[in-house]
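Below are two complexes that have chain A in common, paired first with chain B and then with chain C.
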Partner chain A sequence: MSSSLSHPPAHLPPSVALQLSQQAPVTLRNTPSVISSYSLSTLWSAAETPELWTEYENLMLSCLRTGDEQSAGQCLERLTERFGAENERLMALRGLFQEAIAKDDAALKQVLGEYENILAKDPSNMPVSKRRIALLKTLGKTTEAITALNEFVDSSPTDAEAWAELADLYVTQGMYPQAIFALEEVLLITPYAWNIHARLGEILFMAGSTGDSSGDKYLAESLRRFCRSIELCDDYLRGYYGLKLATNKLLTSLPQASRQSKSDSTLPLPDLKTVERLNETATAKLSEIVRRSVSGECEGYDKGEVIAAKALLDSGATKTIR
Partner chain B sequence: MAQIPVQTIHRDPQLFYWILIPITVVMILTGVLRHYATVLMATTPKKQELPAIREQRSLLRGINLRTNANAISPASFQARKDYLVNAYEKGDFLKEPDKKGQAAPNPMTDPAAMEGMMGMMKGNMAMMIPQTLIMGWINAFFSGFVMIKLPFPLTIKFKSMLQAGVATRDMDPQWMSSISWYVLCIFGLQSVFNYLLGSDNAASQMAQQMGQMGPGAGAQMFGPGVDPDKQFKAEAENLAVLAHEYTLAGVEQRLLETVKV
Partner chain C sequence: MTWISKSVTGLGLLFLTHACYSAHEHSALHSTTAASLSSIASHTAAVPTVASLPIDISIETIVAVFTICLGLVLGTPELRPIQWRVWAGKIEREGEKGFSSSDGTVDKDYVGNPFRVLESRPGFIDIRKQRKEFAEWVREGGGTAEAS
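Here is the complex of A and B:
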């Protein structure tokens, strides 16, 4: 099997996922369908590897993404044969498969009912409770999903994935302080994740843009988060993009801000000169990144992000001309 | 100095076919069998109940907060610290809140701990029983045979090791008895098992010995006989005295100094 199958498929570009799934029937034919760990034949045939089963799982997810339900079903069958239907991870995978083939909301609700049955029997089944939350989100029951997630993180507070999901759900509800709290929990688990720093900066920026009295505090914090994310990862496009947005906003609001009362718990607002210099740096760096990625000099930037950065730069340029 | 005459012992070539090869083959086959027996006997690790998971992960959360506190703002840290220290001291995260303050249960009577010990017993038994049987079999049938001559000279100290079961004082230590061959097989078939069964097989003894020597740090932390309440109290104390230093303080200056456009 190809190497891209050994990574989780969530971040594969659609073209690669499609290619994988188109090759799925061939791949499935080429790998032995039954591998028993107890047969004598393991003495002379190649031993099964953990990678094989990861590949099956990823192949199944890719197939579901592209709508090849037959191959996905075959993967699931082989996994079930090997690990048994009672395996927690397989229960979640089977649920995922059923969600994918469900025709309407009624069928989805039925899957939800199954999840709840499983969880009633065994509340410590983490994969299935995560699926249940994801399904609640799919069904549009955001508040219920938030409640369920809160219970989940109460019993498993070291799960970064769950905290990040909770933060996203809170953002959709406009509950920024809660979202910030959840993302800070993620940072406590992975303190050097620059994408999380940038994401937290984005949420702080959103919270600062709502226009209440503490807006500038949020904006300053957001600016510093973006700075930190760039510090952790040079040339991080999202970080510079956010830095430019935050400094733009601060440059308009800082001059008329009253000199804030100095309290011990929060950092003081950055002075105007620093913000200006940061804005210049961000602009220069962004234009450099855009130029280099448009000319094809450096790969690896997301196309949409580069286009957005270009749009931001252009809007800033017209403003200064005016 | 007179040259010591080379000892020659005329051995029946049949010894080679009927002792050396059988012992080797039997050793390999028992190794393979033991591998499959261990795999079959292995119990899946008992699933933890939700309260137990919560207890462990809540403690880990405190540890995470302590190590990575600098990533969040002082206000956020203060709020979390107050909450966790309070909850730890009240024992909110304990799996059995009503048992707070009692001594840790004796690991011998704790059924969960017994499970792990049974697993270890099974592993040891799977090692010991076949070895005892084969040792007895070799002792009964093949004791006292001199089997091969090693192609290199050895000092006298090796005599007791290589000539077990042959009580001849003057024999050169190069000669090897059948029991010694068996002992050599026990330790020397490692790579054969690796080749046959894969590198993480249950027949290889090294893994077992390693397992007995040092159980992982994770097992130590939440193992039987550790009082979770005490752990929580200790963690609360650690958190309470922690000095917080915000990473984001002055980050914009740091950035401006390092970034070259």
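Here is the complex of A and C:
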């Protein structure tokens, strides 16, 4: 339980979030509310750890998600007592709290106004500017959010999180080339992130499936990205799933493409034979992963992902039978 | 596996204790005999013979040390993967299970996929959407299905 409290809770399944927030009153009672660094009591009470405050923050997020505003408010209060109201991160957290309890769009706009006031005073307040962008997205002003995010990455180009967010925003707008560029920036900062390689492969695959002339280029590139993600991570279900999809698609489109002239200077399209072999490998690996996770040998995989992989394998099997 | 390593280490410690005790006894015995000898005939033994341990005690000590080493080595936990892809694959394949010790607690420094934050992005979290999704999950009976 404490292990899941020490990491950001956004990806947790709802049941875990519910469990965490149900235990919040107990957790709050058991943890010290105020730790002062200049009193005699520090001699015998437990030492202050950085993890404690991370846990408060994550607990607050879980409580807000499940609607337990009282506990969330308590967490926020304790954090404020410790770090002061002028702390940048706490400003963002307080804004998040107000966003969560806002009744309607007018209240949200008021929060947005507060963010803008804070940013007018101190434009370098990173957490608050991130919150402002997130709130713009919540309000449905995606284009404004993209503009703001572009300014943000201009001033802080090594923030991988912002680049990844920008890529997702571009994808929602269907602007694939821009999204691909943003994700490539993420990969410049974290070159070994196997999930980002897979994500880039997915976006390239989506771009390749739109059906314009450069579709095969995108598909080939996506194939390479999926291969890289598998290279970085053994038995990566998402990577093999994408590899299978990309090779399936390439196998249908490559025979026509090979007749066209290859005049451009970019990387050549992969061999038909290579693609076939990759497809076979992906099928074999996927079926092995599905078999092993159904039999309960490995439990790390997401259940939904395994079901999707199984469905993909089944559809491929029926196609070959026909 | 643990009981093997523990018993081997225990056996080695026993040998070591025995060897130490023997050495102590030997030296005590040697000094008393030497002292009594010298008091009887102090002039004949001008240079006292250097007390050397019998070979069996030395051998026992060395064997004991090696046995203890063997026991400790046998008892080490499984080594962590040092290759990136093996380590990453282990995270994906086994999740928390693969990084917990034998009594079920997850290692303190286990963070799962460290790059997952790039996809969950806590800085840009959309709390209203999360609340809506959670409310929907509750309405669909997710809580009761989980509890039953």
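Here, the second predicted complex is superposed on the first by the 313 of 322 C-alpha atoms of A that agree within 3 Å, B and C clash if a C-alpha of one lies under 4 Å from a C-alpha of the other, contacts with A are read in each partner's own complex, and residues count from 1 in each chain.
The working rule: a contact is a pair of C-beta atoms (placed from the backbone, for glycine too) under 8 Å apart; a residue touches a chain by one contact, two chains touch by 3 or more.
What you see is a predicted model, and the numbers here were worked out from it, not measured in a lab.
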Note to self: By the touch definition at the top of the document, which applies to A:Arg224: first (chain B), second (chain C), both, or neither?
What the structure shows: first
Next item on the list: Could you tell me if A:Glu299 is touching chain B, chain C, both of them or neither one (first, second, both, neither)?
Entry: second
Check: First (chain B), second (chain C), both or neither: which does A:Thr252 touch?
Finding: neither
Next item on the list: Kindly classify A:Asn30 by the partners it touches after superposition: chain B alone (first), chain C alone (second), both, or neither?
Entry: neither
Item checked: Winner by number of chain A residues touched, once chain B and chain C are compared -> C
Notebook entry, point to check: Now for A:Thr138: first (chain B), second (chain C), both, or neither, which partner does it touch?
Noted result: second
Margin query: One more residue to check, A:Glu161. First (chain B), second (chain C), both or neither?
Written below: second
Next item on the list: Please write out, lowest number first, the residues of chain A touched by both chain B and chain C across the two complexes.
Entry: 231
Check: Taking the complex as given, what residues does chain C use to touch chain A?
Finding: 84-86, 88-98, 106, 110-113, 115-131, 133-135, 137-138, 142-143, 146
Item checked: Residues of chain A defined as touching chain C within the complex -> 3, 7-8, 10-11, 14-15, 17-18, 61, 64-67, 92, 96, 99-100, 102, 127, 130-131, 133-134, 137-138, 160-162, 164-165, 186, 190, 192-196, 199, 231-237, 298-301
Item checked: chain B contact footprint on chain A (complex, rising order) -> 37-38, 42-43, 47, 122-124, 154-159, 181, 184, 187-189, 191, 221, 223-225, 227-228, 230-231, 264-267, 270, 274, 277-278, 281, 284-285, 288
Checklist line | Contact footprint of chain A on chain B as seen in their complex | finding: 32, 36, 39-40, 47-50, 53-54, 57-58, 60-61, 64-65, 68-76, 78, 196-198, 246-249, 251-256, 258-259, 261
